[in-house]
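Same chain, two partners: chain A is paired with chain B first, then with chain C.
Up next is the complex of A and B:
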């Protein structure tokens, strides 16, 4: 029973963190139309920075090296991780969001991802190279003496609470004037510019906010599994997040949840139980990526709006030639107001 | 000083490899107007196909290369027919095209990995001794790479300026709608462009593998953004710009080894890309409306 519960809690943490990644990408791509092809790098940076802030100094002579090691309490470390992810988003935005076509941004994100992957992997003194960090202190560990299962359940609840908060916040942004102008930028940047809006600032806001969301997911990931090596954040992982968003429905946060569930949990976990073929240990992950790639291409072709499409705005309309009532009376009579969902 | 000339020589070889690859990417971008993120997979495919022909089927190396290049061109054609053509018909926005090519790179890489497995391969050819030309030291293979690249660039130049296909490609690159109403069969030009782009990717992949000696399925992807850097440096969609960009990126990344560790070669390429995007995003040779 304990084993099943432990498994379920792990899946749930996995599900919630992927949801948070997908929400972050949704703010960037779904709301604002920013192509971020290195989502998982923000997760890594968020996680790594939070880890080195929380960990004590690397013991000398142990062959383990990492920067900082400030031994800070976990809330500050977590905040640092999220801010670091946001800062990386800001830097990439500074390079690529100014007056450039969307493919340049896609190239810069992909290039940054490849570059950081190589730098962190080869630069053993930053985050211990290909080995990655391990023994990252668990938050809440000092609260009381936890049984491993009790801790997992508690952590799942914490992750769920953070997810719900972020979900509500993302929905709030969607409905806010900022969210409206973000979607306008996505649909036609030139028109928004003609209306005198600073599109660079709007896209930058979305970029940084989305990066910070992904950073939160990264902090939670590293805090739960207490280790992270570069093998855990390859380009394929970014694509799982993209697949989740596109299958679920871009622009729609509910779709993002469904997509995360379908792709990150059902799909990833189901293929885990395919029989292993000893001669080809990589066959199953490869088939998984082939299927995820196919799912994305097919869903973009057949149903680009996703399983749960974004709701169209409805605007009130006074029936032509109907002068019997004033506009106010029409509004009172149940016609929806401007800008409401 | 000898180190400088040594790295400059390496730079010319790298520039030759890059020129094939960046011209292939740039030609295709000019005609179809979207960036192909699966290009790295094409060049991995080129080197792996050639490896199959030469190491498994024991073809002479030149014949194996020809077969590998043709197969890569066919792969690019099939991908265009099966994936891009249906999307183009539906007039999908550039967002979706980019996502599709990104997904395709994952798909193709994984398929290649299923067939070829992980781990490094190497062509069954002998390394030749160094030949001294002026201040440079080249191996026979390196001279061959430079020769292949120069010949290919001349062929591409003649193709673009002297043949009707080349003129049609330039017309489509300038204005696809105008080209279409002028009676150019844009579909077949697009097909020809994909075949050329695939062939150049395949050939570039083979010479890259010759240059690095050892290669694996992800070698192509790890070079992808260096190719992008060369293409953007020259001006995206500009064929001659791509050649120039390849020369600059190739030489600068290799010569930088005089001052910084050669492990940071790709980081130097990234730095050039960033500076270029900040200072002159339209590239050295700018094309209107493409930046």
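Up next is the complex of A and C:
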């Protein structure tokens, strides 16, 4: 029983973190049209930086090397990780958002991601290279004496709460004037610019916010697994997040949840239980990617807007049930009260 | 035409002034030293044969392109070389030769999002959501008025991508109105529009000019409507000013007839 529960909690943590990644990408792409092709890099930076802030100095002579090792309390370390992801988003934005159109931006993000991947893998003294970080301290370990299952359940609840908060905030952005301007930028950046709005700033806001979202997911990932190495954030992972967003429905945060569930949980997890064929150890992971790719193709073909397309936004209506007057008469009478209903 | 008076007393009424403006693309001098001025509260036409450089001028004035040299002044202040959003925020709004609506937003949203100062700051989202809500109510009311005026009210909740070509033209103009511009620079707003709607668009422009005092610069190939609504017409050819006057005067101008009207006829015959 404990094993099953432990497994369920792990899947749930996985589901919520993927959801957070997808929400971050939705703010960037679904709201604002920014093609970020290196989503997973922000997860890695968020996770790594939080970890090296929380971990003590690497023991001398252990053969393990990483920067910082400040032994800070987790809340500060987590904040540091999220800010680092946001900073990376800001830096890439400075290069890519100033002059480049979306397709070039996609190439720049992909290139930056690949560059950082090589740098972190080969630069053994940053985050311990290809070995990666392990023995990352558990955030809530000192609260009380946990059973392993109790700890997992507690962690799942924390993750769920963070997810719900981020979900509500993402919806709030969407419905706000800022979200509306973001969607206008997505639809036609030049026109928004011509109407006197600084589209660089708007896109940068989306870029940094989305990066921070993904960073939160990264912090949660490394805190839960207590380890992260480059093998855990290959380029392919970025496209799992993309698949989740496209299948679920870009621009719709509920779609992002459904997409994360379908892609990250059903396809990614379920395929782990296919029988292994010893002669072909890569077969199952490859089948996983084939299935995810297939899901994207099918959804783009049959439901290009995703399973849950973006919803139409409406505003208050006049005559509000009073059909005795025409719209012109209503307008002439003034509408100051109408919006207050 | 090359000399423009610098006497401040005559400058007061100038909304937009372009002086010796130049822009080349590689070897092509698309705009080659054009100068003109537009008086406040007028509807001024900007005409010229295909390839005369009109759209390039619009792009230079609105900041979408950076001039190689020359001056652009809005209300006496140099705006040449500023970013498009800075120019837009100063009250010069332009439209595009090809309709460019926000396709995945509704007609209503297209209008509301075009207003200045919607409270679209992140800080409001985080801590002061009421700022946006309050402003939204004002904007919805204004948008409703505008939609009724332009006959788009029944389409308010339709996605802009589903509008017909003519409806998109109306949407572009009504969207520009929401931005409360001082100067409205329209690049061929009547292109591809049926005669009845051309009349209607013309009436809207005149109406806005009368009621709100908006200054219009109208780039247009339809000379009939230009004659009808423009008090002054600037003719450009080969990237420079050829003549200025009323349409009636220009019809008698030999150079204009040669370069523009004649060219147009020859083109039509040739095709």
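Operating definition for what follows: the second predicted complex is superposed on the first by the 315 of 341 C-alpha atoms of A that agree within 3 Å, B and C clash if a C-alpha of one lies under 4 Å from a C-alpha of the other, contacts with A are read in each partner's own complex, and residues count from 1 in each chain.
Operating definition for what follows: a contact is a pair of C-beta atoms (placed from the backbone, for glycine too) under 8 Å apart; a residue touches a chain by one contact, two chains touch by 3 or more.
From a predicted model like this one, the values you see are computed outputs, not experimental measurements.
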Touched partner set for A:110, first chain B, second chain C, both or neither: first
Touching partner for A:193 - first (chain B), second (chain C), both, neither: second
First (chain B), second (chain C), both or neither touched by A:176: second
First (chain B), second (chain C), both or neither touched by A:297: first
Partner chain in contact with A:35 - chain B first, chain C second, else both or neither: first
Partner chain(s) touched by A:266 [first = chain B, second = chain C, both, neither]: neither
Interface residues of chain A shared between complexes with chain B and chain C: none
Complex contact set, residues of chain B against chain A: 34-35, 37, 83, 86-87, 90, 92, 94-96, 98-100, 102-104, 106-107, 109-111, 113-114, 117-118, 221-222, 224-225, 228-229, 232, 263, 266-267, 270, 273-274, 277-278, 281, 290-291
Residues of chain A that touch chain C when the two form their complex: 172-173, 176-181, 183-184, 186-188, 190-199, 202, 205, 209, 251, 310, 312-316, 318, 327-328, 331, 335-336, 338-340
Residues of chain A that touch chain B when the two form their complex: 29, 33, 35, 37, 95-96, 99-104, 106-108, 110-112, 114-115, 118-119, 122, 235-236, 239, 242-243, 246, 280, 282-283, 285-287, 289-290, 292-294, 296-297, 300-301, 304
Chain A contact footprint on chain C (complex, rising order): 62, 64, 83-90, 93-94, 96, 100-106, 108-109, 112-114, 116, 118-122, 124-125, 129, 132, 135-137, 140-141, 144-145, 148, 153, 157, 159, 179
